[in-house]
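Two complexes follow with subunit A in common, the first pairing it with subunit B and the second with subunit C.
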Partner chain A sequence: MKNKIGVYVCHCGGNISDVVDVNKVREEAEKIGGVAIAKHTIFACADSSQKEIAEDIKNLGLDGIVVASCSPKLHLFTFRAVAERAGLNPYNYVHANIREQSSWAHSDDKKGATEKAIALVRSAVERVSHSVAMEPVSISAKNITTVVGAGVAGMKAAIELADMGSQVYLIEKAHYVGGRTSQWGELFMPGETGKSVVSYLYQEVNKRQNINLFTGAELVSKKGSVGNFEIEVKITPRGIKKDADTSGLEKAIQVCPVEVSDGFNFGITKRKALMNYHPGQFPEIASIDAATCTQCGKCAEVSEAVDLNLEEERITLQTGSLMITTGFDPYEPEKSEFGYGDYDNVITLPQLERYLELNGQDLVVNGKKIRSMAYIYCVGSRQPEGENKYCSRYCCTSAVHSAIKVREKVPEMTVYHINRGIRTYGKQEVLYEKSSKNGDIYIQFNEDTFPEVSRNGKHTVVKVNDILTAGKELEIEPDLVVLVTGMIPRKDNAIGESLKIPRGRDKFYNEIHPKLRPVETTIDGVLIAGVCQGPKNITESVKSSLAAAAKTYSLLKREEITLEPIMATVDSEKCEACDKCTTACPFGAFEFIEENGKKVARVIESNCKGCGMCLPVCPTDAIELSGYTNTEIEGMIDALTESDY
Partner chain B sequence: MANKAPKILVFSTEKISDPAIDLAGLLKMHYPPTVYSIPLRCSSSVKSRWIMHAFEQGFDGVFIAADGTDCSYGESCVDKTAAIIAQTHEMMKAKGIEPARLKMAALCSVCAEPFVKHMKSFYEALSKTPA
Partner chain C sequence: MSKVDPKLAKDIAKYGAVDFSACYNCGNCTAVCSLTEENASFPRMMIRYSMLGMKEEILSSKELWMCYHCGDCSATCPRQADPGELMAGLRRYAIANYEPSGITKLIFKSNPFSILLTLVLATILGFFLLTMKPDFTVSRWIFSWMPYAVIHLMGLIVFSFTGLTALLGIFSMSRRLNSKHNTDSNKTKKSIFQSIGEVMTEIGTMGRYQKCSTDEGEYWSTKPNLVRPWFVHWSIMWGFIGLLVATILDFLFKDPATTIWLPSRILGTVSGLFLIYGTSLAMFYRITKPTKTYEATKLADWMFLFFLWVAGLTGFWMEVAVSFNLSETLSQVIFMIHTIISMELVILFAFSKFAHAVYRPIALYFLARNRE
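Showing the complex of A and B:
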């Protein structure tokens, strides 16, 4: 039993102390037998607090510590390191989660949250008082990363990982790499286009022998754990034979009778089921959309390159980690939202980008030359009600940038920006300045007075109260209304469901901690980067993918992962060699030996994963799991029931 | 116990269901504060004696937030956890404890909403169950 335990209760700024009476928790902790010191601290994770804890361990000779703060998923390793630095075995530290499981969960009941926090601290003290010193164990790991999603974030991460020496599987669901960036024309900073960026990355991917790119490929299941995952990948054939004569493909596309809306152009054009690549899509090879192809065979009659055997293939890959870079969907306005779907001159910003790419030196929408246009900002973002309360970050800059590009094509264009405050942050501010100098007109509304779009004869009318001119009501009759739509999480969340990646309130994938562990998830070995974790521009996406690449490489580079030294142990005196433990263990971690003339079970440490499946099956209760012994668990239960609350 | 709020002990798992309980907190989804969790490595590692000990010490209900088919230690977790529950139910009957006081449900790592629903309904059921 430990008898010099230190307890540290964190305010977490006000995240805990706004609800939980942390001083009361500290006072109660001080009364627990074996507790030598109990303190509260504004941020237990701050450098100064860590130093204070380490000094207490050394100066007071503490033999165990309890930190009551946020989830151990955030700071377990922080405080283990503090213990280690001060000479205390890291497993003589126990964490009490009084934020996620108390102050946040019970912010509606301050008294209840405080009583629960006290009980959780008592329970943690009880556990640490029985804790034993342990040393970590190592397992072999594969230095292989599977990157899911070959947009700019995924390709950049794959290249960096390959250059550091990892094997990379790059899996892309579509038949083309590049993701959303392929769809954009000129980008900010100037001089680059979506096509040039994607083309460069695709060539770099192809140069590296340790990157295996799979297109038309989808991860469907995962087994195993960090360092040693086994994944199943479904591959849908492209429908074009390799090394075949492709001269007849143009004709084959023409004769294809299936015509559907072209998602690449956000529905402003049609495409066939047998489709050619768009500029910016790589590889530059046609493909068949298996979802819409009727297999009528007309294309195969005119082109020997077509292969109508679209039978999907399944392959199994071994990988040490998974990095998810699956991007986003653009917000699609509801029917009649600001006239969308009602009037053919109301389009979205992504559609405008495609019109700019397809139009040449003018801007023509649905056959009409555009000479005045009004952007309406924050459509599907910063919504006061319902979903999408977040700012999508990229859209103000993208809209202002597009307005500059429009004026380069049509200098006489009249441009209105009907906005809720322009957020062209950082270097992007120069675009706002340029647009203003160009003569663009900025009109601002707030969430109480959304603009209204209606029809007056042949004219589309935008009515808005401009808060920059004391709420004066303005009526504009633009040739074109552009809805500046934001980013939303991918509607297809199959990968998230398959891997069980947590999602936040905004429904994007959730990292463990936005500042301290920004690309890790609660699933060890599964990382997230790019827009799948929240709105970002291309630069920010690539930065996060590089962070994830560095993180996964640091995890796998030694091809050895340090694991918790949680292991089963057998009490030979109690063991009756009944064999139930060997049946229960999925890892073959038990063998039988002779000990003092008696046959008993013994744990093979290299095989034991510390799952504990053997514990309940032992009829004589001879098996215990380090860190989860009867004494520890039942002691925690006793501590939780100590209060009458 | 008649006038007191029921106390529920949740045996969660570090990798799967405890993150869901954390997520419920992150999303400020409320449930009764007399719900306490002890995270284990895997739901099929819970011993019947721990569950019985919880009842003996005054917990009104025990909930196993099981890994289900998501268990990283293997699919056998589902059947093994179910076997533990069945065995413990027999032990509870022998001690005169209503088996309904021990519940199990599979909770994935993002199942914050199902967790809160389970807790509210279990709490409500225990409130109506005589001691």
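Showing the complex of A and C:
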């Protein structure tokens, strides 16, 4: 119990004092046992008031202070700092909110508001009199970041982290780097291709000694907490011997009897189980797809470089933080969605992009020269009925850009853009300008009437109600229909599940705060960047990954992490290891240890956030939350129930 | 259901429309257009029809003929798509497509063809005129291989052909403007007489044209009515109609202008002055280009204006010549020019910009009939 408590009642320049009789509150506070001094002040947060409080702490030797003012969201840390400067432990200070909880809420009842303010101050005094001095918890941390996913976002983050001096593990599930960007041809701004961007980043990654790149690697599990994670990584061998003569590999690919749809080209071509991704892939070595390989051995007969021992390895890595840059999957239209799967001239935008890459100086789809094409926008995005309510951001720009690219190959092409409003935002607007000048025809529908794709004899017919032509139903007969598909979260969410990364309503990984903490997750030390967090174009992806790199570096560079001391503690005498706290804890902060021959729960300090979820579920009341101990809370409740209010 | 035909846009472009594919359908042109009424969304919808190649919608538009090309829309267009110029082009396109012979299409699309046609016609008409003086050497030479009767018959055929074409054009337009999808069958129509009355009022006052580009700050707002485009147009139109009536009166009374105080002569003189004033000023504007409207003048515009101007001037010369006994040979040459130009105007009526003189009133009539 403390007996030299200082109470400061704030006017908030009228915000409080216009409703609450602050002098009455001060008088009542003075009467509470243990209160040595009670004052009121126009602005408690003002520099002069802060100084006055600090003087009082020093001169009167106060052992606890209460400031009754605004929300602690605003000034909790201000007054903690005041206490600290004056030599008082900051946790011996308690904030009473008499603005949001009293004067603002009860502006129609001045008397009642004053009584409530007095009650709040009493309970705060009660709490501070039981408060315990606490020191921040400090844990050591490794300045190592593991980046999961070697697309443009992952590689860029790895490069920047390496340049700042961190050790980086770059883990890529595929046998090649570059992710979705490597599947794209010419990008906006002109002159660059997905391949050239990926190749540049790959070379930069290779130049850096402190980046370890693992391809064919998947994160399987995680232990530990921020600063000291231990991860298990599964590595699928490439199937090609190191330093062997690779000259026979081209022939080996030819003899491979397995033929499956080539995912890299979105199914428009076939590939073998032993394969090259694409010309100029990185790394530039063939690989075996273990999932489809039948181990027939024909390739090994032709090339000595082939190694058919495809047994996976597991390695363990120590890392301070994890950055997730696992990207997206393109939306795959449902069977018969706008004729997809029914007619062979209905394709998706990513497929068109591959056709443009593979086709040379014309556009030929399934043997037919294309002379007119209709893009249907927002397929799989902005769905009024379906799950994907969001805009995928990249597709308008990309579709308009592809139309310009198509016209460079086939100038006489007729292009229709059947859209729901074109969003070529920012600099990308010049693409719309160009396409419009090219004579592309823009037709707009709204979500009440979607276009219909059907077949009339040899012709594919698109019917659409054009809101720009007073809703008239138009009929178009294009040679090719391109469904402008959006982005969806990766179907394979194994990493999300093993790390317990929270997902938003859109099913993409969710940040803590879109503006203030845009690359952090609720799991300390696990950051997200790129499209795994939500649709972005390449520029935006890279920017977010740089933000995440800066964030993880600022977290780890001192190799020490300071944590709030407000956290749970287990009384091992009372604990019966019932496991209820483990289930209740959203942060995995409990582990079980042997203590004096008894199994008891223990709090992993670096994981605990002091949320208090474990307290009510504990049947033996063995858990206490420092800063919010049972005596403190009970004292507050007593003070409130005893008051007249 | 309308089938989209992007090729039509390229065809329309040949009639003088410049860059309408730049349109992004913002609708500023419709917002500033002082002539649109009800829910016509004019001129934006016409741009849309042009882009999508909706031919029937273009040809059955009444609003197209309400437009006097004040240029407000083009001045407001954020994309420099020049809707005003497109409307002018679409009117050319419509004139060319209402008449079935295809001659108008050639005239509007090909400058060499229209010049050649004019020259050939002038030559034939010249010969025809010379035959009225049988003692000429040239005349005797013509008659030596072509009897007068044949020439006369040829003249009849040409005039019948041009008359018939004009009638077919009028019929074609009326049918489209009166088609089911273009009129609301539930609405009661206005009486024929009332509708004609409205048309006459508009023709008499140019009430719609008077509103063009005269809002505060616009070019014509500070200019007197006498030089505003609506009055220029009014002068040309009523000048021409006056001259036509005077000529018919002269012809009916078989009374060669003996005195300038004859009522038909007075009408002719006053009308001629209006015509010359109007055409001179119109040509001046087309040269000096005071507003955006005058920026893109097609040969067809020039020829029509120039012919009217020459017809007016030469007519005056003859009047002066009769009164002051000027040189007879010169007067005869001027008379030939006057006659050739006037005849060409009449012969090419259905195939030139002149056709708007019937298409506009017809459109006005159908608009009046179907409006509350």
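Simple rule for what comes next: the second predicted complex is superposed on the first by the 434 of 645 C-alpha atoms of A that agree within 3 Å, B and C clash if a C-alpha of one lies under 4 Å from a C-alpha of the other, contacts with A are read in each partner's own complex, and residues count from 1 in each chain.
Definition applied: contacts are C-beta pairs under 8 Å (C-beta built on N, C-alpha and C of every residue); 3 or more make two chains touch, one makes a residue touch a chain.
Computed from a prediction, not measured in an experiment: that's the story for all the values here.
Which of subunit B and subunit C touches more residues of subunit A is settled by the count: it is B. Shared-chain residue A:I488: touches no atom of subunit B or subunit C. Of the two partner chains, subunit B is the only one that A:D524 touches; subunit C does not reach it. Touch criterion not met for A:C10: it reaches neither subunit B nor subunit C.
Shared-chain residue A:I476: touches subunit C; no touch with subunit B.
Of the two partner chains, neither subunit B nor subunit C is touched by A:V346. Subunit B makes touch with subunit A in their complex at residues 4-5, 7, 9, 15-16, 19, 21-34, 36-38, 40-42, 44-50, 53-54, 57-59, 70, 72-74, 76-77, 80, 84, 87, 108-110.
Those residues of subunit A that touch subunit B in the complex are listed here as 71, 73, 97, 99-102, 104-109, 112-113, 115-116, 119-120, 123, 224-225, 500-505, 510, 522-524, 566, 584, 586, 609-613, 615-617, 621, 625, 628, 630, 633-634, 636-638, 640-641, 644-645. Subunit A contributes residues 372, 414, 416, 436-439, 441-444, 463, 466, 468-470, 472-477 to its touches with subunit C in the complex. Contacts from subunit C toward subunit A in the complex involve residues 1-4, 6, 9, 19, 21-22, 24-25, 41, 45, 48-49, 51-52, 54, 79.
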